[in-house]
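There are two complexes below, and they share subunit A, which is joined by subunit B in the first and by subunit C in the second.
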Partner chain A sequence: MDNNNIIEVKDLRINIKIDEGTLTAVRGVNFEIRKGETLGLVGESGCGKSLTSKAILGINEKKCKAEGEIWFEADELGRVDLLTLNPRGKEIRSVRGKQISMIFQEPMVAFSPMYTIGNQINEATLLHITKDKKKAKEISLEVMRKVGIANAEKRYDQYPHEFSGGMLQRALIAMALVCNPKLLIADEPTTALDVTIQAQILELMKSLQKDFGMSILFITHDLGTVARMCDRVAVMYLGKIVESAPAVEIYKNPQHPYTQGLIGSVHKIGTKNQERLFSIEGTVPLALNLPAGCGFYDRCHKRIEGVCNVYDPSLVDIGEDHKIACFACTGCPNAPKNQEVTDK
Partner chain B sequence: MSESKKILDVQNIHMRFNSKGICVRAVTDVSFTVNEGETIGIVGESGCGKTTLGRCIVRAYEPSEGTVLYTAANGEVIDFLRIDKKTMKEYRKEIQMIFQDPYSSLDPRMTVLDIIKEPILANYPKMPKAEVEKKVMDIAAKVGLNTTYLKRYPHAFSGGQRQRIGIARALVLNPRVIVCDEAVSALDVSIQAQVINLLHDLQKEFNLTYLFISHDLSVVEYISDKVGVMYLGKLVEYAPTKALFSKPLHPYTESLLSAVPVADPTVQNERIPLEGEIPNPANPPTGCYFHTRCRYCTETCKQEAPAYVELEPDHFVACHRARELKLRGFSYDE
Partner chain C sequence: MLKYIGKRLLMFIPTILIISVLIFFIIQLPPGDYVTSYVAAMAAEGEIFTAEEIQELRVYYGLDDPWYIQYFDWMKGIITEGDFGFSFEHNKPVWDVIMERLPLTLAVSFVILVFQYAVSLPVGIYCANHQYSVGDYFWSFVGFVGTATPNFLLAIIIMYWIYVETGEVYLGLFSTEMLANGMRWEYVPEFLFRCLIPLIVIGTSGTCGIIRTVRAQMLDEQSRQYTLTARAKGCSEATITYKYCLRAALNPVVSGLSGSLRTIFSGSTVSAIVMNLQIQGPVLLAALKSQDMYLAGTIVMVQAILVVVGTLLSDIALAWLDPRIRFSERG
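Coming up: the complex of A and B.
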């Protein structure tokens, strides 16, 4: 493991048992996050983004079976593969919520309506930092002020329904940051918010990242927020990363047809109105009994018959820090050496 | 668009909700006109009254005051809000609505066929069965639904497909005006693009007029000919799209535009922060509603409500200082 990396995910596979069979929701995902950087994980709903992030914390449902390796530089445990830890054990609990924490999608749902905000932020503090309730309250109040909650003392004793959406998202961020994590996983943190509030929250996260020196895994389907937040971007499709590159590169020079489609289907204000938006035909298929070959084959406008529906492309370097899994772009080897032939 | 005729003339709409002695002004004095074949975008933060306005116009709510003059297909001009229930039924066929959430706006116990058929059965109960079926099939094919699946229930369809069902339902009566309330907001970007393209094609084919309500400014900029910006129930600015985005005249529009995330990391537009939150519509501020959050606020703004005037041709704004301020928008490349 590279010393600059805070986490390395290697060949992560997640299978879900459902009535109709086994869903291969994540199919061999590799990525790493460097210290202090923000990695954007982009893709449409159902592509496995959330499952991947939850696998890091070991909070997926029981029916989801994860294989592979997730190496993390933990404080007490040293270098550890998080997947080998018992998801209900003591070790993962010393990591979860403390060294790696998560901001969930909908702030209204993420909080329990039965407890005060202060009470819920305290939970992590009391578990990980101090047993002293007074001290815990002080710590919580400090974090609440840091995330820009005015009148923190009064807000501390209020219930979630007394907060607006933007304020609640701030409280959620406070809860995630209270233990000073090394890695913050933000799962669509601003999707439910208005543009003005969204801009506030993104700026807040950026400035907090500087203060706390943490890394962020930023999960979203919104390419606009990614452009604003991320250093590097990994694009996921049907349980696989199909392209990864620095953010500037991916917007300037997208290579994979799926990435191009995603970027093309978002209209940029100020550009001349083209007659039609570029759109990717069809929808994301269900990851059940997937055919051989590239998962994007059916929707791809660059597909090569006889290659793309036979072999499954793997990530190949095509430039500085720019990787892509596509035969149409990297050339199609007739007898691929390092691609496994998935014939059945 | 020069020779197109007025289809909707919305005048001084007010919508007040009374509950427990508290009066919430959801929409206050909104006026604008819409020409046939145009797309009007309505933007604003949640709680600003966009949806209420849309519902007032289709008369799903009974507005407290105001008129909506509608030029019907036969050339007659009627006040949509004053006509009685019976006549309204005649004209409502021509004004339809597409709803926000494709998951909750379709009855899970009805097959897709029945859902699309329902407006016909309600309005033309005597139409022969075969003709109804044919109409449904035609419209379903038009919006890109696989007609062999129409006997299925909504849960068997994906989000984008469901939105198409909602569009088919709105189109089946051959309307002239469609109010799209956040019609693409719940969809993934690639599906969003498909649906927007579909709406675009249908507009060209049937010469439809859209009222497109959304909080997503880049979608609105793409699809609309004119855009209205709402704040706390009031229309603060209304202008042709390009004029509004490149040269906003209202400070609220300016900060709204600056908050839009642009899908390009090299563009780091400086955001003009809006301090605080939207005031309570039950107890709106005095003077200009926006003065509590406006960085150009003066004493006059705190006391007098600004008039809604046509400052430039087709460019309406409600701001005391609109004439003197130089506000920042997007720069367009030609």
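Coming up: the complex of A and C.
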């Protein structure tokens, strides 16, 4: 494990048992997050980005089975593969919320309606930092102020339904940051908020990242927020990372046909009204009984018959920190050199 | 909150009044009255009354007045003297008839209520936490069978089984010896055993129902986002189950309590008849059959009051449990 990396995910596969069979939702994902950086995990709904992030914390539902390795430099446990820990055990709980914490898509339902916001934030403090209730409350209040909750003392005793969506997201962030984690996983934290609040929350996260010096795994399907937030971007399609590169590179020089499609489908200010937005043809296939070959084959305009529908490409370097999984782009029309061959 | 409770208490008065009129009216609806059924019963034993004698009986019991006059007399008695009328059948004041059986009724029902919750809450939580496990299937099976089996049938089966196994008949809570000699310490084990039978018979269906409710509710809550948040925070599974899920799952269980108060006072009529339990339910049935209207009316009235009170109590409990309800009441 590279010392600059806070976490390394290696060949992560997640199988979900459903009535129709086993659905492979994540099919061998590799990425690493460096200290202090923000990695954006981009992809459309159902591509496995949320499952991947939850697998890090081991909080996926029981029917989801994760395989592979997730290496993390934990405080007490040392260098540890998080997937080997019992998902209900003490060890993983000492990581959750303290060293890796997570904020969610819909702040309105992320808090239990039965307890005050203060109670729920304080719970994390009491679990991980101090057993002293007075001290814990002080710490919790301080974090609430830091995330911009005005009147924190009064807000502390209020219930979630007395908060607005934006305020709840701030409270959720406070709860995630109260233990000063090394890694914050943000699962579409602004999707449910309106645009002005979105901007505020993103700014808040950026400034808090500087204060706390943490890394962020930023999951989104919104390319606009990616540009604003992320240092590097990994694009996911159908349970695999198809391209990863620094954020600027992704925008300026997208290589994978899917990434190109995504970038092309973003509306840019200044384009003429008559121009139609680009859209990717077809729909995402169901990840059940997938055919061999590249998952994007059916929708790809660069596909090479006899190669792309036979072999599954894996990520290869094509430049400075730029990786891509595509036969058509890496210039190997016939032989899948150092590419993974799918089991037939 | 106090203001709200006060308001609700004031609402009681018109509610109860309207209910009492309805009760009285409905009890009067079937053709005939107590005298009719009394005369019929006597005729069956060979004693025939003349029309004049019957009319005299009517006047004697005050049954010749129109029903609303009878109602006003009854209400006047209740409000001014706390007199709930006279039971023709038992030949003593209604209140005495009710009080006779009240202690035992309350004891039996209360124990059953506690039994129901004591069994169903843990089992429901277990089933939800181990969904689709062998234990879950076992309890679901028991639950459905328990809900579907009529109590009186269960009573007959259990009593038959005990009779076959032991050769003893366990009818009622007290054996003939106990009744003859009064309660003694040596009877306690047998008494407890006798209590166990109605407990199982009457308690089962309720217990099974609550198990299903608790299981469904817990499963619902477990799939909520906030359980995920709690887990991501590092909470233990016990905290998630008891602090988060159970607390939210209790709402329908608590609202179900409002009906329980009525059943405590007089429920399980048929089972009680089958098992020969000296509790309130059979009295009501007998009173209705013989058109002993003041007794029947009073019992139904008390039931109605208990339902109203029970609803208020469960509403207060809900407000205490769920902050969202608490706050919407202010508006």
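Note that the second predicted complex is superposed on the first by the 336 of 344 C-alpha atoms of A that agree within 3 Å, B and C clash if a C-alpha of one lies under 4 Å from a C-alpha of the other, contacts with A are read in each partner's own complex, and residues count from 1 in each chain.
We adopt the following convention: a contact is a pair of C-beta atoms (placed from the backbone, for glycine too) under 8 Å apart; a residue touches a chain by one contact, two chains touch by 3 or more.
No experiment lies behind these values; they were computed from the predicted model shown.
J.: Is this a clash or a fit when subunit B and subunit C both end up on subunit A?
T.: fit
J.: I'd like to know which partner A:184 touches here: subunit B for first, subunit C for second, both or neither.
T.: Touch status of A:184: no partner.
J.: On the A-aligned overlay, A:261 touches which partner chain: subunit B = first, subunit C = second, or both, or neither?
T.: first
J.: With the two complexes superposed on chain A, say which partner A:127 touches: subunit B (first), subunit C (second), both, or neither.
T.: second
J.: Where does A:94 make contact in the superposed view: on subunit B (first), on subunit C (second), on both, or on neither?
T.: Second partner only, subunit C.
J.: In the superposed arrangement, does subunit B or subunit C reach more residues of subunit A?
T.: B
J.: Consider the C-alpha centres of subunit B and subunit C from the C-alpha centre of subunit A, and write down the angle between them to the nearest 10 degrees.
T.: 80
J.: Once the structures are superposed on A, label A:228 by its partner contacts, choosing first (subunit B), second (subunit C), both or neither.
T.: Only subunit B; A:228 stays clear of subunit C.
J.: Tell me, in angstrom, the smallest C-alpha to C-alpha distance between subunit B and subunit C in the overlaid model?
T.: Shortest inter-chain C-alpha distance (subunit B to subunit C): 9 Å.
J.: Shared contact residues on subunit A for subunit B and subunit C?
T.: Shared contact residues on subunit A: none.
J.: What residues on subunit C touch subunit A, complex-wise?
T.: 224-226, 228-237, 239, 243-244, 247-248, 321-324, 327
J.: Taking the touch rule as given, give the residues of subunit B at its contact with subunit A in the complex, in rising order.
T.: Where subunit B meets subunit A, its residues are 45-46, 158-161, 188-194, 196-197, 200, 215, 217-219, 221-222, 245-246, 255-268, 271, 273-274, 277, 330-334.
J.: Quick one: which bits of subunit A touch subunit B in the complex? Just the residue numbers, please.
T.: Going by the criterion above, the answer is residues 44-45, 164-167, 194-200, 202-203, 221-228, 230, 247-248, 251-252, 261-273, 276-281, 283.
J.: Mind listing the subunit A positions that touch subunit C in their complex?
T.: Those residues of subunit A that touch subunit C are 54, 57, 59, 88, 93-98, 101-102, 104, 106, 109-116, 123-124, 127-128, 159, 161-162, 172, 175.
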